[in-house]
Each structure stands twice: as C-alpha cells, then as structure tokens.
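Please find the structures below.
Shared chain: subunit A. Partners: subunit B in the first complex, subunit C in the second.
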Partner chain A sequence: MFLWSLTRIDWGSGLVQARGLASVGQFAVALLRVDLTPYVVSSALRASWVTVTYAFAGLSVALALGLPLGVIGSGVLARRIRSRTLSVLLGRFALASMRSVHELVWAWLFVASFGLSPIAAVLALAIPYGGILGRIFSELLQDVSGPPLRALRASGASEWQILLYGRFPMALPDLLSYTFYRLECGIRSAAIMSFVGLGGLGHQIQLALDDLAYERVWTFLLFLIVLVVLVDVWSTSVRRRITQ
Partner chain B sequence: MNNSPTFRSSDTLRPRRVTFLRCSFLFTLGLLIVSWVSVLSADRIARQPFLSVETVDRVIVFIKDLLGLGRPGTPAYLHLEAWVETASLAYDTLVISVLAIAVAGSVALATFMFGARNLMVGELAGYRSISSRGIFLVTRAFFVGTRAIPELIWAMLIIFVFLPGIVPAALALGIHNAGILGKLAAEVVEGLDPRPIRALRSSGATRLQIMMYGVFPEVLPRFITYLFYRWEVIIRTTIVVGFVAAGGLGLEFRLSMSYFHYTQITLLVAWYLILVVSVDLTAAFLRRLIR
Partner chain C sequence: MLEDLELLRTSNAEMISLDSTTKFYAGFEAISPASIRIKKGERVVFLGPTGSGKTTLLLLISGQLSPTSGRVTLDGIDLKSIQSGRNLSRLVGMIPQQFDLVPNLSVLHNVLAGRLGEWGFFRALFSLIFPQESLWATNALDRVGLAGLANSRGGNLSGGEQQRVAIARLLVQDPAVILADEPVASLDPTRGEEILKLLLAIAGAEKTLIASMHSVSLARSYFNRVIGVRNGSLHFDLPTEMVTNTMLDELYSLEGLRNARQGTESSSSPNNSSIRDVPMEPYKN
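What follows is the complex of A and B.
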C-alpha cells in the first residue's frame, strides 16, 4: 500500500523549493537569535492565554455534550435488550458523527455561519472532543465491575439509581483521568484555531511566518512547546494520583 | 479529591488536607470560570457576537447556501462530473494519509528504543554510559518537540522547503505522528516484563539480539494497533493540512470557501466523510485481524 502511494508522487518536476534548503539554514540560525523583546513576549503571553481559554471552555462544553451521550451510548439505562441496543446504536452513531469531522473543519463551518466569534472556536473544539469523550465514557461505564451493581439491583435500585450510585462513582477516577488527558490535546488543537482567524498562538506563528520573521516564529513556537509540556506534566501527575 | 467516592472511610474522618489533587481541582475550576468570562467578554466585543438574534438567521442562510436552495443552477453535489472530478482529490488525500503513516511508523520504529528509559538508562541498560543517557534525552526531546507542535504548524513550516503538493502534507503529518507513536511505543517498552530480557542478557545476548528477540516481538503487536489508530486520526487531519500544504481535498475546500461555492463544500464534506468512515472500518478490520 505504501509503495502504491509512492507512485502518486510527482518525482519528475522536483520536490524541493528553489532555495528551500537555504531557508532551513536561516530558520535554524534564527533559533540562536530568538526574538525576546518585551513586545513580542507580551503578545506571546496574550496568545497563550487565548489558547488556554479556548481549551478550557471547549473542554467544559465537550464534557457537557459527551457525558449524556456517553450514558446513552453505553446503554446502561435500558433494562430490556431491545431498548438497550437501540440506545447504544443511537448514542454511538451521534458520537461517531461528532468526532468524524476534524475540529478545524468545524471551526471553518462555524465561522462561516456564526461569524468571527470566540464561541465559534469553543464550539468547534467541543463537538469533536465531546464525541471522543462520549465514546470513551460509554466504554468505561460499561466496564464497571459487576458485583456491587448486582447488590444495588438486588436491593431494588432502578437503573438510574444504579448509574448514579454504582457505575458513576466507580468509573469516576477513569473518567476524570481521561478528561485530563484530553485537556492536553485540547491545548494543541486550540492553538491552531487561529487558522480560521480566531487568534491564539497559531495565529501569531502564521503572522510571523508571513513576515518571514523566523526569530519571532521561534518565540511563539517555544511558548507553544512550553505550554504543551507544562500541561502534559501537570495532567500526567494528576492522572497518576487519580487512578491510584 | 478525598470526597471522591472511593469508599475510604478513613478519609471522611480525617480533617481535610491541602493535597496536590485538591489544588489541581480548584485550579481547574478557577481556570474554567476565568476562561468562560474571557471568552464571553471577547464575544461581546466581536463584530458579529454569537449571543445575538442575528446568529440564527445567519445559520439558516448558511445551511440554505450549503444545500444550494434559492440559488441559480443545480448544486454541485448533484452533478456526476463534480463527483468524478473531486474523486482524484479524495484519492490524493488517501495517498497522503498512507504516506504519512508510513513516515511516522518508520521514524518511530527506528527511534523508540532510544526513548525507553529502562533500556537506555534503567535497569535493563546493561552498562551505563553518558552517551546512552545523552541519546535517551535527545530522543525524548525529539518526541516532545514533534508532538507539541501541531500538524498544521509543521505544514506551514515545511511548505517553505518543499513544493506544495502531496509530499509536504505527508511529511508534516508524519513528523507530528512520529513523536506520538514514538512516545507510545517507548511507554510500551517501559512497561515490559524485564525478566525475559534479563534472561537473554545473562545468556550472553548482544544488544542487537536483545532488541530482536526480547523487545520487538513484545512491542510490535501493540505498535501496529497504535499505527492503525493513528491512521484514523491522520485521515481526519489530512484535509486540514491540505489547507496550507495544498494537497488533496483541503486545498479545494479552502478555495471553495473563498469563492463562496457552498454546494461544492457540501460535496467535499461528503467525500471527507466517506473517506473517514471507510478508513475507520478498514482500520478496525485490520486491528481485529491482528488480534
């Protein structure tokens, strides 16, 4: 399959831009001269903040979307086989269609329909992430171990009560842990929301690249890397403690 | 999070302490509130605020445009020629995703063992040297750096070097995913049972032999599972990278958006969904085949 895909490349006309390698050199040299003037740093800080707010707001909406759909998609509320299958199919289908479109495509469609508003970015982030969260949630809720649930059922609890007092508390550490992991990915996704004109770190990188100001590109790239690594370290340590 | 219901009676008796988790929880909550405040206030000063009456009208108009209602001419998604024309773009998109996963897979496969702590600096390293510690740190930094920069930004950088087309798109996707796959594979190695490897070493195996007989057979099945999982993610992202790297459906999507050819967009989104669903199904099938 890989070899077949190689045939599709147009080898003949050359792949590399004229003077492309020279620009690699310039770009690498620019790392040594990172632009750290106060103005650039302050705009990088502002852009990082915008990125973080998009990620958090988007994730909160994603959670609000993913949790109910995850419960439906897990089919735990239905007692009879037929209604359970129906609920699983409906929920899974909704979740799959939410996550099959990339967040940036959502963003583009939302900006075209709503206009340029940060809420478009938040929603664009929330829909595919809600789909992913919901799918994992539904699996986690199904995987809760049986005996405590049977005890609840034997004492006459309804499916709702079993969900609230049995499945949910037991799955909570894993649910939280996965949400934190997604937060990390959300930061990265939020950074590229810029591409449709919604600001953030990606926007600054794009502007700097358009100006061929490689020194400034590096500033924003480093900010992005540091931000992602910080959230990564934080979420890993939170997750380790939650699931212990 | 001592009030998390893990049924530990001792927690409720003890006075509440300031723990890392409690701080993180409050921090997250605070950040959440501040984020919403700032998003909402930014929305209020936006030129077209989301929270206004006109939004509904705009959405209705947009959906009508997508379906081609109230516009002269038949919508693009009803023309057979339009489907045939865009089929080659969809094919290109598929090619990009396959190339990307090949790049990511081969780079990750070549480097992941250098990023595994236990093999390089831990108990399975055999002998400890500064050079192996250095290689470990460099590999880890490579994984972190490639992972932290999104595909789209890689594409924006790579387009300076390569001519627009399939190759830069595939490379951008490949580099980003190499970091992800490499980290995942390195974590699998770190979770390996050390005893078979120790047995190999004590029977006099060289480093290469340990890799071939102790590490690869254990890691490979998991690695291939991750590979297919990333392929599903890549096919979704290919359209986005195409916006800047000018390959496949992405470029056409962007152009149609700029020309306001809305029915063309509907057609492209339909192709996109077809690709995504078929890759998902194929990957799920292949994964089951391996297992």
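What follows is the complex of A and C.
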C-alpha cells in the first residue's frame, strides 16, 4: 500500500519550487555561520526554559489524566467480565477522544478561551498526551507476566493490591521509558505551539525566519536538539537505575 | 514418620475433601471423577507420571481451578462458595513449580505480600514506602535460611533462593493447608531433602501438607500417605508403608499412558516446565 501511494505523487517538475532549492541551500550553509552572539544565546536560553517548562507541566498534567484513565481502560481492577468490559469501553473511549484532537488544535481552542496564557499551552499539551499515555499504559498494565499475579491473588490480594504489588512494579520500566519518550515529543510540541504566540523556542524560530536570519534559526534549532538529547540521556539513566 | 501416624489417630478433623471431582479442558478429561478425604495434619504426596493430573489436582484443591463437576471442600467450606480471595488465602496456600516472585520488588516486599490478604489497600500502599509488620518477613526469611537477603531485588535471586522466598511468603500467609507442586524437581537430592524437611517443619502438627513429586524415594521417606495418579484417575490411595514396588511399576509403566503432549492438561497448567517421562531415581532396591 505504501508503494502504491508513492506512485500517486506527481514527481514532475512542480515538486520543487524554482527558488526553493536556492533557499534550502542558503539555509544549509547558514549552519556554518550559526549565530552565537551573547544576546541571541541568552534569548535562546530563555526560550528553551519556557519550552521546557511547558513540556514538563504539560506532561505532568498528562500523567495525572492518563494514569487513572489508563488503569480504568485496562480493566484490571474489575474481576467480573461485565464490569471489566464496561471499564475498558469507558476508559478507551475517553482516551481516544482526548487523543483525536491534535495539540495545535487544542492550543488554538484554548488560546481563544484563555487568551495567550501558559494555561492554554499546558492544557493543549496535557489533553492529547494524556490520551496517548493512557492508551499505552492500559496495554502495558494488561500485558504483565502472569505467574507473579497468580501468586499475589493466591496470597489473598485484591485486584487493587495486585495492581500495586504486581502490575505497576513489573510494568514500571516500560511505563517510564514511554513517558520519557513522550516528554521528548512534548518538548517538540511545545516548541511548535509557540508558533501560536505562546513564547518559547518556536516563537523565536518564527521571528528569525521572518527576518530571514537563518543563522539565528540554527541557534534555536541547536538548542532544541540539545534539549531532546538531554531528555534522552536522563531517561536512559533513570531506566537503568530502576532495572538494575 | 510414626509420630505422624499417632497424630492421625487423635485428630479427626477432616480438612480436605474432593467429591467426584472432575476437570475437563475443552472435552479433554484431565481428571476423572476423584474422591479423596484428607484429615488435618496429614502428609500426602501425589505420585505419578508427567501429565497424569497431579498439578491439576493441586490447583483444584487450592481453588485456582474450579472443578467441571463435583465439589472441593476445605474445612467444611465448599470452595465454590468462597467469594473473597482473603478467606481462601487463610485456608490454603501453594508453592508452585514456576518462579512467581515479582522481580522488580525487593524480597522483603515479596514476602510481605503474604499479608496482603489481611491488609487493606492503603496499608498495602503505605507498606511499599514504609514496610509494615516487617517482623513477620524477617522471621520467615530466617526460618528459610535467607536472613540478610531482605533488600535484594526479587529477580536477582537464584532459582533455589526464589523458591525459599516463596516458602517464606507462605509462612507469612500462614494458611491451614500447604500445597507444593514438585518442590524438589529442580534441586539436587541434598537440597531436595533440605526443602522437604523445611516444609515438614513449617507444616508442623497443625497444618496439612500435600505435595506432588517425581522422586519416589523422597516421597516415601517424608510423607505418610501416597496417592498414585495416572491418566487423570486415582490409581491407589494408601499409607506409605503399604505401597509396593509392583504398584509403582504399574503406576509409571509406559504402556497405556496417555501422551502428555496430546492432552491439553499440561499446556493449560501454569507449570509445564517439567518434561521428564520417567521417575528420576530407580526405586527398585
């Protein structure tokens, strides 16, 4: 199907704009002259900080939403089939609705309601990401290995206690690693959302593009790359500590 | 073992009874109608070839499987009527053949999990941060010879250590009936004897102990009643000293033995790691 879709593209001469190629060239070359003057670097630092705080705040709220809904959507707290189906249906439906609207659309909605305030950015990130985290969490909690859970049940544990002593501990490395991955995505999303005017790296990139100052664009892009790499390193070290 | 026979005569309480209990898996008769009566304090061993239904019987007694027909009763209570896992866990506990510790939790928490039947949710949650009633756990770990391993990660232990942790957890749970599925299957004879002595010590005079075993000689040394299981039905049910080598020959003979792999029993049971078709040691001596 993928191959078929490739044939549908018009690979003719209209694919690349005449001046476009030249612009790309200019952009690429600007990397060599990346702007590292103090003023630009300090505004990059400030913008990075804004982006990072949006991402962290957004992911925190996303966790607060996604974790309970994920547990409900996994149905692991229900012992009888009927209540489990109900739990899964409700949870999955709620999570899917949250996910279906892209964060930019949520951002646009919230900016319209709350104006250009940080709340708009945080909620716009938290809702779809909560839906994504919740969906994955529900599957991770279900797919945990069986014998330890059976042993807990045989020791008299309730389904809630089995969640606490069996499912969470065993799923934790994967829960964490997926959350960190989403944090990375969150940083990118927060950067993009700042195009909506909410401050942060995206906003700065937009300003620099408007000025055609490609060297400045690269400064901010490099900061973005460094942020993502830092989160990746942090995620690896936390995961190692949990699973040693 | 003669002292145990003395106890049998004095304690009349019937602890476990199976009445015409069967178990079918999708048309496959894993257990033919079986009726067994076990008194409190007895030491019973199920012997028989792989796939004969020993594990299934244990799972039926522990309440983890429900019979297709017939009844399983513990201490006068029909297992089907027990709704709360809590009440069941006070009656019976099992040490399965497969390792079942939570690998990401410390040994301490794994052992304290034996108390989950008594704790509410919030106490259980609190205990993960501040271990509650840890004296139970440290005493139990002492008794099984693992003092000092309390803070090790469950998954980092060797197989033998994990088994002992499971026994410690059972000690903390303190059920009236102790079941053990192939407790010595992966151990050398010396360790095997140690584990059996430990199980016997834990069961003491008050608790009932039932195990399934491959090793005929160990079974004869440590248990006072032998139930032979073959092809899902009870071949014989006798005090140990009345079991003859001829009976054991018949029990383990390859002729007429249903193939364990064809039946769904061993693939449905959680403990399908043993692939031995003949007893480990020769019992003809």
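FYI, the second predicted complex is superposed on the first by the 208 of 244 C-alpha atoms of A that agree within 3 Å, B and C clash if a C-alpha of one lies under 4 Å from a C-alpha of the other, contacts with A are read in each partner's own complex, and residues count from 1 in each chain.
By our rule, a residue touches a chain if its C-beta (ideal position, glycine included) is under 8 Å from a C-beta of that chain, and two chains touch if they have at least 3 such contacts.
As the structure is a computational prediction, the values presented were derived from the model and not from experiment.
Visitor: Check whether A:Ala120 is in contact with subunit B, with subunit C, with both or with neither, and answer first, second, both or neither.
Guide: first
Visitor: Tell me which partner A:Leu152 touches in the superposition: subunit B (first), subunit C (second), both or neither.
Guide: In the superposition, A:Leu152 contacts subunit C only.
Visitor: Pick one for A:Pro169: touches subunit B only (first), subunit C only (second), both, or neither.
Guide: After superposition on chain A, A:Pro169 lies in contact with both partners, subunit B and subunit C.
Visitor: If you count the residues of subunit A that each partner touches, which comes out higher, subunit B or subunit C?
Guide: B
Visitor: A:Gln142 in the overlay: touching subunit B, subunit C, both, or neither? Say first, second, both or neither.
Guide: In the superposition, A:Gln142 contacts neither subunit B nor subunit C.
Visitor: So, does A:Gly202 touch the first partner subunit B, the second partner subunit C, both, or neither?
Guide: first
Visitor: Please work out whether A:Leu104 is in contact with subunit B alone, subunit C alone, both, or neither, and reply first, second, both or neither.
Guide: first
Visitor: A:Thr236 in the overlay: touching subunit B, subunit C, both, or neither? Say first, second, both or neither.
Guide: A:Thr236 sits against neither subunit B nor subunit C.
Visitor: Which partner does A:Ala191 reach: the first (subunit B), the second (subunit C), both, or neither?
Guide: The answer is first: A:Ala191 touches subunit B but not subunit C.
Visitor: Under the contact definition given at the top, report the residues of subunit A touching subunit B in one complex and subunit C in the other.
Guide: Overlap of subunit B and subunit C footprints on subunit A: residues 169, 172-173, 242.
Visitor: So in the complex, which bits of subunit C are touching subunit A?
Guide: 62, 64, 85-86, 88-90, 93-94, 96, 98-105, 109, 113-114, 116-119, 121, 124-125, 128, 153, 166, 169, 173, 270
Visitor: Can you list the subunit A residues touching subunit C in their complex?
Guide: 146-148, 150-158, 160-161, 164-166, 169-170, 172-173, 242-244
Visitor: Under the definition above, what is the set of subunit B residues touching subunit A in their complex?
Guide: Touching subunit A: residues 1, 4-6, 20-21, 24, 28, 31-32, 34-36, 38-40, 42-43, 46-51, 55, 58-59, 62-63, 91-92, 95, 98-99, 102, 144-145, 147-150, 152-153, 156-157, 160-163, 165-167, 236-237, 239-240, 243-244, 253, 257, 269, 272-273, 276-277, 280 of subunit B.
Visitor: Enumerate the contact residues on subunit A facing subunit B in the complex.
Guide: 1-2, 5-6, 8-10, 13-17, 20-21, 23-24, 27, 49, 52-57, 60, 100-102, 104-105, 108-109, 112-120, 122, 169, 172-173, 188-189, 191-192, 195, 202, 205-206, 209, 217, 221, 224-225, 228-229, 232, 234, 237-238, 241-242
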